[in-house]
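Note that chain A is present in both complexes that follow, paired respectively with chain B and with chain C.
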Partner chain A sequence: MIFRTLKPVLGLLLYFGLQNLAYAATCSCAGVPLLASIDTSAKEKGQLFITYNAENHQISDLVSGSQDVPDETDRDRHSFSQVLSASYAMTDRWSVSALVSYVRHTRDIGSSFLGKTTSSGIGDSVLLLRYTPLFITPFSRHEVSLGLGSRIPTGDDDYGDLFILSEDMQPSTGAFGGILWTSYSYAFNQAATLQFNTSANYTYNGVNEREYRFGHEFNFAMGLGHSIGTRFSYSAAVRYRSTRPDRRLGFEIPNTGGKWVDFIPAVSYAVTDKFQLGLSGRIPVARNLNGVLQFTTSYAYAFSASYAF
Partner chain B sequence: MTFKPNPNHNLALVLRIRTRSVGLLRNCLLASLLLPFFLLSQAAMAQSPPIMVLNSGLNDAWYAPETDGQGFFITIYPELGSVSLAWFTYDTELPSGESQANLGDAGHRWLTAVGPFSGNTATLTIYVTRGGLFNSVVPATSTDLAGDGTITLEFRDCTSGVVSYDITSLGKSGQIPIQRVATGNIPLCEALIPEDPEVCTRPEPDKSHGPNNPTVTNGTIISRRTDIVDGGPGPDGIPPLETPAFTSNLDSTGLDPEELVVGVKVGNDIRAYPHDIMNWHEVVNDTFTTNGSSENATLSYCPLTGSAMLWKSFMEPGDETFGTSGMLFNSNLILYDRERVNYWSQMLEQAVVGTDVTRIPDRLPVVETSWATWKTMYPETKLLTRDTGFSRDYDDYPYGDYLETERLIFPVNNSNDFRLWKKTRVLGINVGDSSKVYPINVFSNAVEVINDTTGDMQTVVAGSSDLNFGVVYNRQLEDCTVLEFEAVQNRLPIVMRDNEGNEWDAFGVAVNGDRAGQHLEKTNSYIAYWFAWTAFFPGADIHQ
Partner chain C sequence: MHFKSLISLCLTLLLVHSVHAQEATPSFSGTTLNTGQQIDLDGFKGKVVLVDFWASWCPPCLASLPAYNKMRQEIGTSDFEIIAINVDEDTEDGLKFLEKHPVDYPVLADPTGQIGIPWGIRTLPRSFLLDRDGKLITTYKSFKKGDEVKIQQQITALLEQ
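And now, the complex of A and B:
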């Protein structure tokens, strides 16, 4: 089955494009990869995909515009997120996906006399409808997909004891959001073992009860994926990401938002025809952030496991 | 001779042979006997203290429990305006050998003192009678009529007082807190205190900017959990300066003359902390030299509310520095003390969360003004340098166009008070429930002085829009004199002159005239942005 053979490559590349269909934060970097584990590749009618994804996102780089700045406060800020998603193909062209997330944020300023701050809990959820008018077959080398989704604030957005922690430390955004995405893939050979992939998405973020709005976000990614045999594949992509500044009370918040370019390598191994494992990373290449000082991504790595029923 | 209180509250003057050994039993007995007196005196002190005036209700026997065995007979003569005191005591040295002081021995001594009184204080001349023998004219006694020193007798209330003695002929001086041996005359004493004494009644300012007795719930006085906002950087994420460096080479700093600085004058140290550095650090834990000894204090500046404070460090060991909590209340900095981890509202100037909630720090005055004005006031000043140990671009302002727009970054209370533009710098003052602000840009270009009133306090305000400063002090002195001020131009740091001819600087210190060295009382006041002031203190009057 050619579709089986293609799955690892397609899954990885679409992962790149959707990696940050999530939310920005006060540091423009605390995004939880809500859609990372949704398999957005074309599926056969009646197919169900379950995916578990875990990502560790280190957010300790201090940046002024595009310049790295030494951080004498010895900060350790990271987010660990786990996402469970399910995708079901209603027809060969229409499918629906849903996910739930669990998030743990940690903030530890080494120079402080106070200990580290942590928060954890259920995060946002997502519903996504996908339409694939054109998909790769032995007779077609092109695939196009369009998607429309909504982020649903199912989790805790007022975490904290005496104080409510900052928005980037909350498991959930507390606000609904809208998602639009599209992708295009081209297979260089009939077996589709080498593919070019590109994707773009836009996230519109709503306002939560504390009148906070994460900045709207645009992502564009492109890369190549290659399968070796029927089990192993690898890929490399470059992603451009741009977020608007966050807003509170209707006003922009300084030192939020910006532009990033990341390099995203990934490998995937199909243990069986139905069970697939994956590893990926995210390495900043360039960035130009708003304001005079922001903490942002140092690196991120993720593990995923998918099962097709 | 021993003075002891009688449990029946009647005077018991017990004449006995004095022994030098003091037994535990006697101490316990004494303590139990004194307890009612102690409690009475504490209860009296806990209430609003009466305006004390010496009267014949004080005529009694007085003593100090710690020096049981000696005591005082005090007699007030209100009609004569004088006081007579007899001090029954002992020799300045023990008798030689194994001998003890016995009745009639030369070891027993007494001193007498006589003099006038005023208010609650009498200043008496001491007379030491020399020679003499028990009930005999031989040998003859002698007394130096010029006196042997002075005794100052001061009563705080009808139950306690202080004897301060300086016997110059003997080279002896000291203080003895005294209390009554019996309490029978207390009602008489209290009845004789005049209702309208000729004693100063200057209103005491509230210690706190906020309510006097705020409700504390779950360790905080902030009722709504959402009122405190986590700004994002985390505790000490905005790093305080712990070892600030200063320079005296002012020409090399390149600091813009119009840049605002927080000016501080503590003891021998005159220092300026530029806003452009404080914007990035907000807290400086500093050390000053006062009378040859070092004193720690914390300067804080909140860039979002434009408010600066200087607080003395606490005396508790290890509890001397503050950090930035990363939290905000009404968009204003919340500090935390690093040992006990209380959270302190900068603009309320008190702990708002923690075991020490409602505690108020000892506050020192600051003068916020332009660098040019401060340098003119104090050319000898030292300036905080950019050599902070942190990689910050101090030429950059961290909050974008925040100062030029109405934009707020965090929610505040009472945000719909549009009587002034939100970021207008105002000098605000709180007295009781009254609050008033003086916009800095409304002051005249030259130094302007306003003799004003806020609540029950008579104030003097000095400010200038060109010089970019504003200060307000209580113009009623401790002796209740109410001064009238006028502006002094072109003589910084002198900014005003009173109706007695004294000249005062921006810190409220008399630098010329008979009152030189005196301080005007610091008020609950500071400069802040209007939106912040009205968020904390809604309904403030605006001086036009």
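And now, the complex of A and C:
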């Protein structure tokens, strides 16, 4: 019965996993953790879950393929993104999540006359409808969730004074995107204090008004989460991310796209039954990026606060 | 265009927020763990009933069971009763818990969810307040010390109706 329920999910994971392995892969340096922010959702009928997430993403590693290359340009590039998300459960099985982001990109090229460049503004938004046919309860150890949604270009993608800044410096992608999302969790005990979690999502990116298309992106994460008492919990996960090269007017943009493996540790503390704080990090483990040279993630850390109504 | 997208996002959330449905309270029966009685929820019609789902591994249940027992003693049982449902996979764990924290009200064992699944139990503790006709009045999610005061007030108000 459980296998029958999981079969389509596994099929979906396999399909998107294989599809992305067949393609070349990454670097979208402007990665804003939209879908990471939407991993937590309202789970019980009538519940409204509001989450604020702030992430600082340092993008200063220079990589050629899978090799680190010394950066002699004294370049500093980071993004600070704030995401406000709301998730509402219409029933125990159906929920809808929506998020809005505010992004600030900074690029500082020490040896360049351009010097420091910043851009900020409302970024993309996401609307995701989720169906949970199986959920963890005192009587069930498995949870499966499927989601379908859209990324909506609610922000500017033509930021710049004299010149329009490059795409990775824009607050918004400027294009709609389609999102497929799924997750599976297994509770090792009835109290569900120890859980195995996996999630996968695929984003199909559209073309913006400047004929630019960010590479389609696939993420797969798996890890363990453990709760201590009713307040404290921690988790460790490994995430595989793959993006296809960006394109303009249908032509591939060099030095974009690739594959990454990150380690993601996280801790959270429930201040009350309804209010929770969290900290998480993102540490690169391995990467294999397209092109000759790419700047990519050095590290990222995030703070989150959530409230359940 | 961007502003319109934001507005439609908010409107969608508002629309789904208004979707609601009424819940029913499924019946159950069984032999109690602590008193050995045969009980049936329908047999309590005419009384206000608090149905409480709990387990030995649930930290808030350490507080809720003694608090509910005291509340029951204060309210009396002529027009009110508590029925507890223990959902431990191993009922022995529930019995051991009851040895340390004895209660006077009937406790049924539900290790497989025969009662809990129809009642939609996802987390513990979870309590349901039913009126004299067996209709669901309110649901209490989780429990912390002091919650019993508000619960007792609601039960008293219901008894006075």
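Criterion: the second predicted complex is superposed on the first by the 276 of 309 C-alpha atoms of A that agree within 3 Å, B and C clash if a C-alpha of one lies under 4 Å from a C-alpha of the other, contacts with A are read in each partner's own complex, and residues count from 1 in each chain.
The rule is simple: a contact is a pair of C-beta atoms (placed from the backbone, for glycine too) under 8 Å apart; a residue touches a chain by one contact, two chains touch by 3 or more.
Remember, predicted model here, so these are calculated numbers, not experimental data.
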Side-by-side fit of chain B and chain C on chain A, or clash: fit
First, second, both or neither for A:122, with chain B first and chain C second: second
Chain B versus chain C as contact partner of A:229, first or second or both or neither: second
First, second, both or neither for A:107, with chain B first and chain C second: first
Partner chain in contact with A:216 - chain B first, chain C second, else both or neither: neither
Chain B versus chain C as contact partner of A:92, first or second or both or neither: second
First, second, both or neither for A:287, with chain B first and chain C second: neither
First, second, both or neither for A:57, with chain B first and chain C second: neither
Touching partner for A:135 - first (chain B), second (chain C), both, neither: second
Superposition-derived minimum Cα distance between chain C and chain B (Å): 20
Contact residues of chain A, present in both the chain B and the chain C interface: none
Interfacial residue positions of chain A with respect to chain C in the complex: 43-44, 46, 48, 86, 88, 90-92, 96, 98, 100, 122, 125, 127, 135-140, 152-156, 172, 189-191, 229-230, 273
In the complex, chain B residues that touch chain A: 218-220, 225-226, 228-237, 239, 323, 325-327, 336, 338, 341, 353, 389-393, 396-400, 402, 405, 407-411
Chain A partner contacts - residues on chain C that touch it in the complex: 2, 5-6, 9-10, 12-13, 16-17, 19-21, 55, 57-60, 87-89, 112-113, 116-117, 120-124, 141-142, 144
Complex contact set, residues of chain A against chain B: 26-27, 64, 69-73, 75, 107, 109, 111-114, 117, 158, 160, 162-169, 210-211, 248-249, 251-255, 291-293
